[in-house]
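Next up is a structure, given as structure tokens.
Labels A, B, C, D and E are assigned to the chains in the order they are written; within every chain, residues are numbered from 1.
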Amino acid sequence: MALAAEITASGILMGSIFALVALGLTLIFGVMNVVNFAHGEFLMIGMYSAFLISTFLSIEPLVSLPFVAVVGFLLGIITYYLLIRYLLRGPMIAQLFGTFGLMLFLRYLVMFILGPNPRVLHQGVLIGKSVSLSWFTFDISKLAAAGFSILLFVLVSWMIERTKLGRALRATSIDAEAAGYMGIDTEKMNALAWGIGGATAGIAGGLLANFYYITPTVGMLFIMIAFATVALGGFGSIRGAFIAGLIVGLIMMVAGYYLSQIKLAFVYLAYFLVVVLRPRGLFGW
Amino acid sequence: MLKVNKIEVHYGGVPALHEVSFEVGKGELVAIVGANGAGKTTTLKTVVGALSPVSGSIEFEGVDITEKNTAEVVRLGITYVPEGRLIFGPLTVEENLLLGAFTTSTKEEIEERMDYVHHLFPILKERYKQRGGTLSGGEQQMLAIGRALMSSPKLLMLDEPSLGLMPTLVTEVLEVVARLKEKGNTILLVEQNVREALELADRGYVLETGRVVLEGEGKDLSRDPHIKKAYLGL
Amino acid sequence: MFLEVKNLYKEFGGVVANAGVSFGLEKGEIVGLIGPNGAGKTTLFNCIAGYYKPTSGKVFFKDKDITGWPAHRTARSGIGRTFQIIRMMERLTVEENVMVGAFCRINDRERARRDAQEILELVNLEEQANAHPTELPIATQKRIELARALAIEPELLTLDEIAAGLNPLETIQIIDTLRRIHKEKNLTLLLTEHVMQFIMRISERIIVMAAGRKIAEGSPQEVARKEAVIKAYLGEKYAKGK
Amino acid sequence: MVGKMKAVVGVLKDTFSFNDLPLSERIAFAAFLVFVFFFPWIVHTSYPRVVMIRFLLFAMYGLGWNLIGGYGGQVDLGQAKNVGFGAFATALMITWWGVPFWITVPVGITVAVVESFAVAYPMFRLRGHYFAIATLCVALVWQKLFLFWDWTGGARGVELPIKSAPNFTYMQFGTIGYHYFIFALFMAEFLFMNWFRKSKMSYELQAVRDNEDAAASLGINVTWTKVKTYLITAAMGAVGGSFYAVYHLYIDPRCVMQLDLSILIAMTAMVGGAGSIWGPILGAAILIPLDMYLGALLGGMGFYGIDFIIYALIIMVIAAREPRGIWGIIERARRRGYVLRG
Amino acid sequence: AQAGSPKEIKIGVLFPLSGGLASTGALIRQGAELAADIVNDKWPNLDIPMAKWEGIPSLGGAKIKLIVMDHRSDPARGADLAKRLIEDEKVVGIMGCYNSSVTKSVSTVCERYGVPMINSNSTSPLLTRRGYNWFWRTTPDNITFTVDLFKFLEGLVEGKVRGVGKIPREELDDLAIAGEETEYGTTGAELLKEMAPEYGCRVVKYILYAHESPDLTSESQAMQAANPDCVLFIPYVSDVILYMRTFRSLRFSPHIIWGQDAGTVQPDFARVLGKDANGVITRTVFIPEVAIKVKPIAAQINNVYKERTGEDLSGTSARAFTGIQAWAYVLDKAGSTEPKAIQKACNEIYISPDDIIMLWGGINFGSTTPDEKGQNVLGMGMIGQWQWKDGKNVLEAVYPFDYATADMIYPFPEWE
């Protein structure tokens, strides 16, 4: 019983963190319908920014979050204007290899500049602290990340589903030409989506840096999970992605407990099965 | 109000419009007619900035909009009801309508216009939460028109608004156009109901293979022998 | 009966698009289907051609029960169709679009090409054979749809708003084309259209639908005089205009 | 009888004839064939030969993928699993029982086809991105399973016994031998594609790609058409995998079933231009030497990742400047006026 | 030396210099390059014979030139690059490849071409069991290291470990094994599992995990739930860092945390974890503290290395150093760059323990068991413990017992 509670608790905890990691992708891939293989690298850059800002300016990692968000935002916008804009003129597959190139580029650019060695944040109010209940020990930094995850999800899904801006974003992704006729500046909308996507990836990275190691290749650990999460949740559904994140977290925890070696296989299999039963994902259009 | 001056438009190097010029004055209803592929849609799309002319210029209220993109043009007050409807399929009818009001802001205005559109096309009210893409062809056309009416354009450009509408609605839509004109709106209309459109219009232009071949008062044109022969099959 | 629709129902969530439609077609007939927007005409076509599974009711074609057959099967059994909202294979040329239709019957590329060329001539598209459909005006694309549907050599052809967006002269031309094809190919035609000059001229018989039901049936003249039809569909103005 | 003969002759004609292509293309391709054929005699160093073999292998992978991805328009990101099936079938049967290579190939194909058939129907209920992610997930599940299973060697992989070359039973040669071996496989697949692109099925597949509803209205069984193609693609991937096994003589699930391999295969076809018979060849001709030479020349220099940075930049530039691949440039130049709508 | 001996002797060096193992590759590269420089140049301050050579003596002072290439952890790429090195670069031999899987495919190529390959860093026992004629390995393999571990545990029970009294056997006999699912991790974990009963230990948890896994919480929980005395890792570096952080967040502290080299031995591991690494023990082949105390030349070379890179030599870089050193000695003994001569030299070589920086009994590829071929029989493992002293981690030796450099921290400290 205690075991079940422990696994469930850590599943939900990690699940909300996976959801957080996938949030930016939910926007770019789920809502705007653009494949982004470089999402993991956005995250990685977020982690490095948090690391560099906190280490060199000796600031508390939590305080550095706004700066990290700005870095992510700029990264998203720049990516859009220099690359994605052109990819959108081609078929879907162009996005695939364009962003795959971007992924390699960012990963190895960071390795080129900062070297391949792993790093870790040591100073911070959250780092290394835990709360212990009788049956489970919570890592505070993970708890904080999960909290931010919920907060950001509420924020972003409100923005996408309830606001004029969100409507404009969705319209742009459905039919850019028609959106233009409504007076929507589609270029700006796309850039904004990428900016917000980048910013959330940055924040996710900043939070992850509190308990995760940082290397130039760390993005590749998360990218597939993030894709599976978004797709499982269903395209266009922000809430879906969050719930999918929890599901992925739980699967990983249960499978990891009993059969670690193929726990990822269970995640992918789960995606496959869900989508076979519900081709639009759990909550998709 | 709108001055189109000798625009030439190409599709991948192949010319579709040759030195097309026309004008729409404030408060006027101008019709453009022509056979299939004459270049009517191309003309409207060029005005709204979705296509850019190789040469020539377009002026709207004294501002040169030749090089402006669609969003800018729409913000200046030109609304375009596209050919082929271009409904946002996955979005609900409501969301589609609200998007029509993207450039206007106040809640009251939006509500007022929403009421007007619902009054005009009651079916849209019934289908409020249905996804646009699952509407019937005619319903989509109503939605496209309704969406345009949600904005308050200085110039409304309609590309075959009666396409796929049942006869009662064709009449009604044309009446709406007439009423809008009476209210002082400026309208540029492309229609295949050549006779009705020209009778309604203050002035008309006839496009043939990318050239303006005739222009004049709407009523005169509708009695023009060439028109009768080439378009009405009389 | 060549085609028989029996008490067909089709619901989408809460919306009942077809609410018990029944009618029949004899071989060689040209029948028009009219009705207000949203009456359920396209839905009915989709049920016949196998794009939708009817909620209940039956469809018989040449005395075979084809209810719920998938679209490709109804096509092979001889039902051709066009789409209200155009569906082109945009990366194929016009000729190739039509060839794909011909491949439904034959496996020989050269023969398919020849057939395609013949059919394109029939609908006056021979000059556009090597163009890509999206470069062409919408009305032309409708004719490509027609050509493509003809290429499978259907016995029953259902045409959804084939004349929409044509001016009156072009409407007359398409009527001629259709009549010619009807005669040459010994076709049965089921058409829906909101352009009265078209539907009233071409149809031998007209079925009127409203709100998912059949509300009237008869010759064009009969139908045009019916109070219910005028009220629900044609409008006073049209009635007076006649 | 006569009819049958005629059909066979027709198929043969379609397979070997390039008459429908412009003269310039035919000449360029002939020159290419002559070049590849004499390559080992023109170039005497080893690495270029190795790169050539890898190029031919990826051109072959690309040709196979082009069926489902290019002509079929279904973005399949799981081709690596089929490569893996072929590679493992060959490697395991040779190491366990000493079965001759040529018998292992059909087994590999069968495994790939049967598995693909099993997942194809549910998978083709998905479209676009969904399909892409699903293929990717299925391939990853297989990779994990092969890593997990002990009986396939697990993470340890399989080492094939070395025979004295040349050996036609187990297909082990020197570099030149492998060159002609893969060249022959490549040509076989190429000729198949040459037949395919003119076949009825190719038209049907393209119709399905462009518009499924329209295709169905013309009597095409949409799902079956996609499934069929998916199976052929799977078979072609498996053949490549079998070659890989006897060429490298060592395989493990990380090298033959990796996500990167799936993406590289897709990219090969796309960079060249999907849906054209030349696309995968052009794509492989650009990507493979680029990757191999950048890696060899810059990879060990001590500037971490510089080779990847350059490689990635080139990919991005191609993707941004010509989203339809290199072949897109050529086609567009040729057919002025055809406006692509995205 | 014969007339016309070459001025330059090329050795191909294949390592992972990108991807997840890039930082490991960097260490190897530094170690290998240092060895080559010491052979090639004059180093009056180093008391190691080869520092005086200025090239290979028997080859007329020919310099060693390393041609380094990145195999990206891909066996196929490794094989292709090996062909380039062998045929185009005309290297005399190959040294590599870290990942056991790549070592396999590259050694196959070498076997094909009849080109000698000396492996310095792959520890999968299988590599020397294939009867290859052109493959030699300087480093001890996992069997040696595993035996070392169990001997060490017995030593704890017997009270042989410095600074720790006799530990009751019950405090040490429940093992949790976590292996990274590659060739290296799987074989390493299996060996541990097989040998545990021989030494009276029980495996209470056996996990193979994917190093691409973004989270290792449940694996850690599973281990914690099994309540083991010793946690034994066969990891790469990033995953073991993640494990340690997760252990801390779970407040999980078994009596012993041991790592099978690759991950736990690297400076990155200690630097990144800081105080959290305190008490982790790792098998290794080189410990700077020992070098300083018992092997002056090792200390000297460690100093040179530290000057260059700012870090002490680690098991990883020291093994690469020794690999190139072995190459130099083999070449010198062969007196020729002919493969056959090198093969013969390899099979007969004996390098004295005084000449190398390791604590080994030297280098001789005599093979320890009959089915083995090309394995260095004189190799020896060590076990070190990371100890947090004055704000940094120091790797102190705890095994072999005679070489212990500090009191062992036992048990692994509770988390704060």
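Just so it is clear, a residue touches a chain if its C-beta (ideal position, glycine included) is under 8 Å from a C-beta of that chain, and two chains touch if they have at least 3 such contacts.
These numbers come from a predicted model, not from an experiment.
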{"item": "Label of the chain whose CA centroid is most distant from the centroid of subunit D", "value": "B"}
{"item": "Dominant chain pairing [most C-beta pairs in contact]", "value": "A-D"}
{"item": "Subunit C-subunit D separation of Cα centroids, rounded to whole Å", "value": "43"}
{"item": "Intercentroid distance (Cα basis), subunit E paired with subunit B, Å", "value": "76"}
{"item": "Gap in Å, rounded to a whole number, between the CA centres of subunit E and subunit A", "value": "37"}
{"item": "Touching two or more other chains - residues of subunit D", "value": "144, 147-148, 304-305, 308, 337-339"}
{"item": "Per-residue multi-chain contacts in subunit B, two or more chains", "value": "11"}
{"item": "Subunit E: positions in contact with at least two other chains", "value": "18, 22, 26, 181, 208, 210"}
{"item": "Residues of subunit D that touch subunit E when the two form their complex", "value": "45-47, 50-51, 54, 144, 147-148, 154-157, 159, 162, 165, 175, 244, 248-252, 254-255, 292, 295-296, 299-302, 304-305, 307-308"}
{"item": "Subunit B residues within the subunit A interface of the complex", "value": "48-50, 69-72, 74-75, 79-80, 82, 86-91, 95, 98-100, 102-103, 147, 151"}
{"item": "Partner subunit B, residues of subunit A touching it in the complex", "value": "164, 167-168, 170-171, 174-175, 177-188, 236, 285"}
{"item": "Contact footprint of subunit A on subunit D as seen in their complex", "value": "69, 75, 77, 119, 122-123, 125-130, 132-134, 136-138, 140-141, 144-145, 147-148, 259, 263, 266-267, 270-271, 274, 303-306, 308-309, 311-316, 318-324, 342"}
{"item": "Residues on subunit D engaged by subunit C in the complex (per definition of touch)", "value": "10, 14, 198-200, 203-204, 206-207, 209-211, 213-222, 275, 337-339, 341"}
